[in-house]
Each structure stands twice: as C-alpha cells, then as structure tokens.
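Each structure below is given as structure tokens.
Shared between the two complexes below is chain A, which pairs with chain B and chain C, respectively.
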Partner chain A sequence: METVINDYISRELVHDPALLPLADGTPLLETGIMDSLSLLRLVVFLEERFGVTMGDTDLLPENFSSVNAICAYLRARQPGKQATAHG
Partner chain B sequence: MDFSLSAEQRELTEAAAGFARGKLNQDLAKREAAGEFPWDAWRACADFGIQGLPVPTELGGAGSDVLTTALVMEALGYGCRDNGLLFSLNAQMWSVELPLVIFGTPEQQRAYLPGLVSGEVIGGHAMTEPGSGSDALHMRSRAERRGDSYVLNGAKQYITNAPVADFLLVYAALADRPGLAGLSTFLVDVSAPGVVVSGGFEKMGLRTSPMGEVALSDCRVPATSRLGPEGAGMAVFNSSMEWERSCLFASAAGAMRRQLEECVAYARSREQFGQPIGKFQAVAGKLADMYVRLEAARLLIYRVAWLKQQGRPAPAEAAAAKLFTSEAWVRSSQDAIQTHGAWGYLKEAGIERDLRDALASTIYSGTSEIQRVVLARMLGL
Partner chain C sequence: MGEARAARLLCSLERAACLAAAALLARLPAMLGYRMACWRGDWLSRHQTANGAELARNLRLVLGNELSPATAQQVMRDWFRLTCCEWVDVRRLRHGGRPLRRLVEVRGRGHLEAALAGGKGAILCSAHFGSYLSGFSVLHTSGFPVTTIGRWWYNYDAGISSAERRIWDLHHRPLRRHRQRPNIEPWPGRPQVAALAAAALRANEVVTICIDAPPLESDRARAVEVPFLGRQARLLPGAVVLAQLTGAPLLTCFMYRAADYRHQVLEISAPVAVDGETAATFERFASEMSAAIQRRPAHWNFWGKTGDLVNLGLIPRQPDTSPAACATRGPIADSSRRGS
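On to the complex of A and B.
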C-alpha cells in the first residue's frame, strides 16, 4: 500500500524534483506537496484504487499528513483486512 | 438510467414552484431598488420547509435526500424572481446548515439547526478576506487557543447574510499551526464582544441579499464553538464549496427554465414582418441554444447531487456544474433581453434583473477562473 500511494504522490503531486525520492514519513502539507486541490485528486485516486468511499469528515489533515498517515487511515477503515489496490 | 421524478418529487416541486410564484415575488421591484432583505419571504420559506429540506428530521428538518432538495431549489428558481432571496437561502443551506449537519457535534446541531430551519435564526459563511478571495485558504484571520476558549482576530469581507445574521461560520488559522493544517472553523454569534458587522454594499444585482464585512477584535469564543476538530477548516470549506457549486446552482437552472418559457411565449406572440418573431431562425436558434444550455446544466447539477447522495466527493463534477451553469445563466439572461428587444432592456419588464443577478454567479462560490483551475488540476495538469 505504501508503495502504491508513494508512487502516485511522487508522480502526480510532487512538482519540485528536490523533494524526490519521497519518504513515507515526509510531511505533505508543510512541504507544499499537498494543497486543497491535490488532496481532492488524491482522494479520487484512493477511492478508485482501494475501493473506499470517503466522506467529507474524512478529509482531515491528520489523515493525509504523510504516506504513512494515509496508509494508517486506510487500514483503520478496514480493520482486520489489508486494503488492496484494484486494477 | 432512470431520469424520471417520483410522484412525491413531482408533487413537491410543483408545490414549491406554486408557492414561489404566489408568495415570493411581492413588491420585488421596490424591494430590489431599496436593497431590502425580504424578511417576510424568508419566514414564508421557512414555514414552507425550504430551510429545513436537507436537515435531519430529528433536528426539525425534512431530511430530504440531496436530489429532492436540489429539485425543490430548481422549482424555487423557476417560480421566484427574487434571485437575491434565493441566493441568501442557498448560501445558508449549503455553507452553514450542511456543515453543521456533517461536522457539528450533537450540542452544536441542537443549538443552531432548529432556529435555522424555523427561520428564526439566520447564518452566514465568513471565509473571504480583503487579502484572500480566490486564494481563500491563505487567510490572515487567526485563532489563538487560550485555555478553554479561542481568541479570534481578523477581518472578513463580502460575507453574504452578515448584516442580518445571528451567527457566522468563521474560518481562522490556528496561531500555533501555520498553513492549511491549522485552518479551523468557529461558530460565532454576531453579538459576541469583539465582533463588528457592517453592511451597506450597493451591488449591481442580488440586491435583496445583504452583504457585509466582519471585524474580529480579540473575540473570545468557547472551545465548544469550534466546528470539527482543529485543522478541519479545509475539509469544511471543501465540503461547503462542493455543495454550493452543485445544489446552489439548481436555483439558477430554475431561473433559466423560466427565462426560456417566457422567451418562447414572447417569440410566439410578438409579430414583425407579418409573422411571429419565433419563425425567424435568428430568434429560434437563440431559444434552441437556451434549451440546450438549460438541459446540460440540469444534467451536470443532478449528477453531482447523485454523487453527493452516494456520499462521494465530487470536486471535478461540482466545478464543472458550477462553471457551466453560471456562464450559461449569464448567456441565457442576455438572450432573454435580446429576444424581448427594447422591452427587455427596461427595468419595468423585470427581465434585465436576471442578467445583473446572474453575473454574480460567475464570481461567488469560486470564480469561473478558479473552477477552470480546479478542473485542470483534477485532470492532472
């Protein structure tokens, strides 16, 4: 899961090459990688790849602060089950 | 794909359109000239159940689903010519009531929603600042945590409903957490010490929808007034904008339907060169374009409503719906004036008002330029 999400963020959301390679613990908001629009793009990606539906109350900074945080949030959404990527 | 309305939706929308035509257009020209907020019409809408449509029944609302609510708002736009009233209603419903429903604690919901639903309480959404309009999230207003309260300082501008509001949903960044991660939202009574609301903007259109400025000077609010956790401001704002960019524009689709019907009726009756002007292709083509714009707008709006009903984010779809519908409404409003000729240009005809009102729609809820930015980003550009 970390690899899939890291790849997506690195490819689609990171515009400054100096920030690559992206560590799973890199703070996404503070580094400017994540803004309100890139968050929405990421959410659409996560919904499609991991088969989750995210409501408005899920879009909190702590759930998207880093790749690790995103994975922790997704795993908490599916307790006892590893979230799998589709497609 | 079934596009038909249920019997209940048909009945409700017909009732809403009839209510709007009969009760919401009184003295509009006079009220609009004076820039007067329609208090009686606001209360009549509450009595009819408009403000309560998207609010759960246990909080005094109708608990209507998103599609039905949007259909009713379209019907209101069809029957009601006071776009300012509809704008103030929509602004409260989608960017004050819905955030309370989605993010509010049970205590906050009980404190504010019943009054909003009954029409006794009016709310406003205080985001924009002198230095941050399109760049809304990079605001200067600050919230400093002190014990069990926050102290707010800042200035908000162009806030719909502010001069008549009882409370505002105020966005501020936490003083100790810079950037988007610290953006938070607070429910602020306008009577609280440190809050000064001023109004008096004279607008080109939407003149019955009051707009004002809000100054916050060491305004202390209890921690329990925070909506959602610390840092939830971006989530609250994104949510509000998605709801506004779709459901608010259902009323615009209703207005476009009214414009088209009136233009068709006029084009069939007004004769020049020995025949109805609707027989001339230059006029007929314009009305055909109005029809296409109307139906395309409705499809975009209702797709977003459907997505929101599934509980799914719809940022691209909402931006597309808003962008298209607002620009279509402006264009249709121009075509309505043009179809009616010199009569359409006169204030007493009540046709030019729609253009003045529609122009604002390409600015509020994110300008057309910003919607294009959103779409480009969602496309990966």
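On to the complex of A and C.
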C-alpha cells in the first residue's frame, strides 16, 4: 500500500524534483506537496484504488499528513481486509 | 492608545447603527426601504470623503481612462447606494427569505435544474458582485441545496474588535441560515476544502464559489495570471479544476440590481465546457467575470478594498492600506461588502 500511494504522490502531486524520492514519513502538508486540490486528487485516487468512500469527517489533515498516515488511516478503515491485497 | 481604542469603539458603534438602520429599512415596504437605503448611500458618499477618495483612486488605477469623470462619479455614488441596499437585502431574508425572494427574478433556473439532473451536483461561479451572498440564499430558499466556498471575513480579521465581530456575526446570520452546509472556508491549514466541496457535489448539491477572491499567501504559487479588467490579475483556477475532477457542471451566476434599486435579477448561465486545458478554460471564465464587472462596475465589491486589489495584482501596493486605518475611514470601507 505504501508503495502504491508513494508512487502516485511522487508521480502526480510532487512538482518540486528536490523532494524526490519521497520518504513515507515526509510531511505532505508542511512541504507544500499537498494543497486543497491535490488532496482532492488523492482522495479520488484512493477511493478508486482501494474501494473506500471518504465522508466529510474523514477529511482531516492528520489523516493525510504523510504516506504513513494515509496508510494507517486506510488500514483503520478496512480492519477486515488486507489492504496489501490491493496494493 | 486610548484614542485608538475610542476611535475603534466609535467605528463599531457607527457600524452597529448602520446595520440597525438596515434592519429597520428592511421592515418597510420595499419601495420606501430601498429608496431610503439609497438616501443613506448618498449621505455616506458625501460624508465619507476618505472612502470616496479611495474608491476614486482605485477606479482610476484599474480602469484608467475607460470611465469618464462623470461616469466615475456615478459609479462611486452607486457603489455607496448598492452597499446600503445590500445590507437591506440581508435583513429581508427573514421569514424563509420570502420578502427578498419576491424582489428577485431568477433567470436560467432551468439551466441549474438540468445541471443537477445529471446527479453530479453543480458549481455556480460568481464574483464579489452585487448582492451575491443574498442571491445564493435566495437560490437556497427556492429549493436548491446551496453551500458556499468562502470565508466569513469577520472571523479572521484581527483589525476588528470582538464587539464588532459579534455585530457582523449577527448581521450575517440570515445568510448562514439559508445554506445547506456551513461555509467551506479556505484558510491555511485547511487542505480539505476541495474535498469537502466534492462531497457536497457528490450529494448532488450546488456549490458556489467567487473566482475573484485574492489568493491567500499560501496559495500564491497556484495562482494564474489572467487578463482581468484590462490588466493582469492573479486568480485561483480552483473552480475549473474542481469541475474537471468531479465532473460537476460549471455555470456562471450574477446578481444585479435594476434601476429602481429594489428589484434584482439573478442570472444563471448554461453549463460551460471545462474539458480543455485548465488555464485556458479559466481564462475564459475570468474574461466573462471581467466583462460583467465592466458592464456594471458599481456592482463590484472590491473598489473599496485597496488591500484586495493589491493582492489581486490589479494596483500597486499603497502605503496606507493597513486595517488600522478603519476607524478613520468610516464604516463602509473595510467590511461592508466583504461577504466571503
């Protein structure tokens, strides 16, 4: 899962090559990688790729603060599924 | 220090008096209420000379020689009149908005209904133009679930006292009441704005957005330079990107006032194609907004907001644009037409 998400963010959302390669713990908000519209792009990607639906209450900055945080959030959302099966 | 506090207190009291007067005028028959609001606007334009000078300078700096001196004078007088009328509009949103709704003709309602029939919501693009916030409320009271992307400025402006903040909060309460969801407020540290808007669109609701808002410091990198009012302005193309990502149709919406000042038209366009390149598509939008403002310049709220015009890149930075100048400029300049 980490690899899939890291690849997507590195490919689609990182505009500054100096930030690559992206570590899973890199803060996405503070480094400016993630703004409002890139978060929406990521949400659309995650919903399609991992089959989750994100409501208003899921859209907290802390759930998207790093690749690790996103994976932790997704795993918490899918306790019965092994997310690695998708990724 | 004591003098500054006294001046701020006076400023707050003056604004409270203005808003109280608007509430009274909104209770009168429309013809009389709006006539009196215009008189009030005329009085303000004569007595708030600093505001008037600021408006005249901003008009001249942005539109240059496009307006003759007589027309510029007319625009200034109308700007003050419209401000006072807009306060009355807000107060007429009582009783489910009926007192205001019967004065507003919604044109293009079918376009919005057809857009929502697609099931992906609809994005209504507007500008800080006319009584746009009351217009969104009128749409909501007409049966469209409306949520606005925008900032309630008084919650964040450090230049106003808590008493004044409370006054503005009370004034805006009717607007807030006629929304499907609380405003989606874009501020630094809130990256979820677009995703929240997408959630509203997914629920097949109407999301409104003003594309002429000056970009926040944190968003400057995303701003694009587009021709606007005959100059280059820095604007955020978020509305177009949101439409492209969600598939929601994008429509434009303008609310303008008739010559009698009490009747208004809320004009909604047919959906606009957004499948091209983002910057080019957004430039088309900005051009449409710009043309609407140039047709009715007095309707644009930002003429009295030098700081916002500077942040948009339309005029050079001025030395006297600090919020602290509020108390000396009177109750119109800083807050009257800054909805969100």
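What we mean here is this: the second predicted complex is superposed on the first by the 82 of 87 C-alpha atoms of A that agree within 3 Å, B and C clash if a C-alpha of one lies under 4 Å from a C-alpha of the other, contacts with A are read in each partner's own complex, and residues count from 1 in each chain.
What we mean here is this: a residue touches a chain if its C-beta (ideal position, glycine included) is under 8 Å from a C-beta of that chain, and two chains touch if they have at least 3 such contacts.
None of the values given here were measured: they were computed from a predicted structure.
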Chain B versus chain C as contact partner of A:21, first or second or both or neither: neither
Touched partner set for A:39, first chain B, second chain C, both or neither: both
Which superposed partner A:61 touches (first chain B, second chain C, both, neither): both
Comparing the two partners chain B and chain C, which touches a greater set of residues in chain A: B
Which superposed partner A:12 touches (first chain B, second chain C, both, neither): first
Contacts of A:47 with chain B and chain C, given as first, second, both or neither: first
Touching partner for A:30 - first (chain B), second (chain C), both, neither: first
Shared chain A surface residues [contacts with chain B and with chain C]: 29, 34-37, 39-41, 43-44, 54-56, 59-61
Residues of chain B that touch chain A when the two form their complex: 102-103, 137, 179-181, 228-229, 231-232, 234-239, 242, 310-313, 315-316, 373-374, 377-378, 380
Contact footprint of chain C on chain A as seen in their complex: 29, 32, 34-37, 39-41, 43-44, 54-56, 59-61, 64
Interfacial residue positions of chain C with respect to chain A in the complex: 186, 189-196, 198-199, 218-219, 221-222, 238, 241-242, 245
Touch list for chain A against partner chain B, complex: 12, 29-30, 34-41, 43-44, 47, 53-62, 65
